[in-house]
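Can you keep this structure in mind? I'll have questions shortly.
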């Protein structure tokens, strides 16, 4: 159904915030249950059936705590940082289409917008660490900046590879090009780029690194830096950072679904589009959670080595290969 | 090179000057004498004894003068010993403090104990931390507990006690924190 | 494998601005109240100064105020993760001095319980070490296995952690059939679990990159600092008190000492993993040879008085060489009790070994030393 403009605005505004909020809260539940099952224990079971009300309890707990600003910290920046981390995730969601009809804005530069806002995320976490005036937080900020800069590059290179195949930056059109059976999904387009699955893996790894998830969680490497950039944050300040991390995972996995797995296109034409989207989205999110609890963390310089010495050359190779294939065929 | 007990015994005997003043036995009874050593009070011989490990747990017991501890440590370092521990014993009645150095060998079943005694009101002796860097912390701890000063030690600040502690708990006249 | 220091790009230069970071007494990676004052140049450590004493309980002074039997519970609390070994050293020194003959059944049970304790301690180390490196899951798998050991030991001693099971002349309690069957089952259960850990964890490429070549400690450094246990065995020296100066019935049992010459964190890791397998072997042999008979010596004096002199007894605890030196003046209260703990000596070399390292590598080194802070502070 088409709505008139103010209602549409309202719907998407609240819808996006509700979607992100609900996901941020319940992805915590998924993570805790997943972690527990991987570790052969049961996870939250007390609060609500199968612990489903646990995130509500956690949110209430965080809300009831005082946000202590450390005495020498920069008060404005300290308070601003969590907000600045959350905002880009929400903005990115405005361009991501969830089905043929669900999509807040249909922009021709949708893809660029997502990456533009993703970069603000880095700055915001760094700001949080810097404003805390805590040595652990400052080391952590420095690490985050190096890590994110290093991993932006291969990510963009893989996206450029994809752009050469799709020819458009409009996310809706990218999905529509993948219609008609799963062999049309971008990950399977081996005629255009024989190394397409490799491109997807590079993208996935970079997405993990951009969202500071293990095994790339240098920002909050608990055993080294206590809580890293978030050391001085308590109560809802920390809560917002936490939610922002899950919102970023959401954006990253949505993007991966749209770019590589055909968005809302269904392999068998049975269920409505948005359900397929959500299915693929949550499968990817589950993989992200799985990877976190399986692997130990690398050292920081090896992380950067991985990006500069392995991923960038590899993505350059796929880029050249794709352009060669497109030129020749 | 695996040292033999006899060679070690001979090396220590050479270290000790023949007419060194015997350390008083104090409250501690003599160790059981083993082969080749005359009973006390033949000073030099009784100061370095091969001991029955089944009864005592170590093989060689050497008593040296305070200024000879570095030479004893070097002797043992050359033969591949490792520093086990350094500790003090407060012989209040004899007004002396005994410092006991334990060394163990890594591959041979040899345990050597080197002892020395210093007067209780001025307990000072040179540090062996230049020969065995591991002795650094052991000496710091002995200083903490007994007040024994190790001359030449880089940093004798309290290790286990609080940084501003001025008391020495393992002395026999310690009555409780001031 | 060559022993080369990993030179991360951009080594620290002299005269750069440095800052002091406190790996404070409260820190997830120091496993206890250890404070390390790190002077850092960016991400490089120019000086690491451990500050201990936060859990100093003065066990040695307590030794001068209690009779020998009253000091026994103290021994379990020095290093609570391998309490059996520490009690063994203390009862050993008294038995050696007084000349009490321990019956063979008690000796074999001591070996079985000590080796079970060694496995439990190594499992805790394994889980905690991997937690420091960011792998959260193996901790829970290791603790699952450890629960089985703790249940077995609880059945005979009544305690899960601080056992105080040995007495002068033998044991407190005989072992029952449930314990023996349970231990046999545990040995069969644990062997495939060790294989699982090897596959899941040891072979993982991230872990290997994290540990191989990191934190080299030469054999000479170990000797000069008195470091023992898996630290020195990971540097190529086959020093194990159970083989060099055997005590109890270890000279009758057939086992190997795992020694790895690479000197890095991976070598120390592998030593401990192999030691668990060797401990299982020892337990099996001891179970097979367990004789019937009394579990405590017949004639133990009611009041223990050691002849004047000093006595020494060393054991191979889970962390290294633990020794007790007792100085007696003939009374029923010792004149001086000195506890030589392995973690104390192992920590002394941290300052030298961590110079110029980056922070994550220094933490891997700290974890591979397997420190228990109450063991350092006593």
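We call the chains A, B and C, going by the order they appear; numbering starts again at 1 in every chain.
In the analysis below, contacts are C-beta pairs under 8 Å (C-beta built on N, C-alpha and C of every residue); 3 or more make two chains touch, one makes a residue touch a chain.
What you see is a predicted model; the values in this text were computed from it and never measured.
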Would you mind naming the chains that touch chain A and likewise touch chain B?
-> C
Where the centre of all protein Cα atoms falls, which chain's Cα centre is nearest to that point?
-> C
Centre to centre, by mean C-alpha position, how many angstrom separate chain A and chain B?
-> 64
Taking each chain's centre as the mean of its CA atoms, chain B sits from chain C at a distance in Å of 26
Measure off the straight-line distance from the CA centroid of chain A to the CA centroid of chain C, and report it in whole Å.
-> 44
So in the complex, which bits of chain C are touching chain B?
-> 52-53, 56, 58, 60-61, 64, 93, 96-97, 99, 222-228, 232, 237-239, 244-245, 307-314, 321, 323, 325, 327, 329-330, 335-336, 338, 340, 344-345, 348-349, 352, 377-378
Chain C-touching residues of chain A, taken from the complex the two chains share | 35, 38-41, 135-136, 139, 214-215, 217, 221-224, 226, 293-302
Counting only contacts in the complex, chain C reaches chain A at residues 8-9, 19, 21, 27-29, 43, 130-137, 139-141, 144, 204, 206-207, 209-210, 358-361, 363
The residues of chain B that touch chain C in their complex are 27-31, 53-58, 77, 80-85, 87, 89-90, 100, 102, 104-109, 111, 113, 132-134, 136-137, 145, 158-162, 169-170
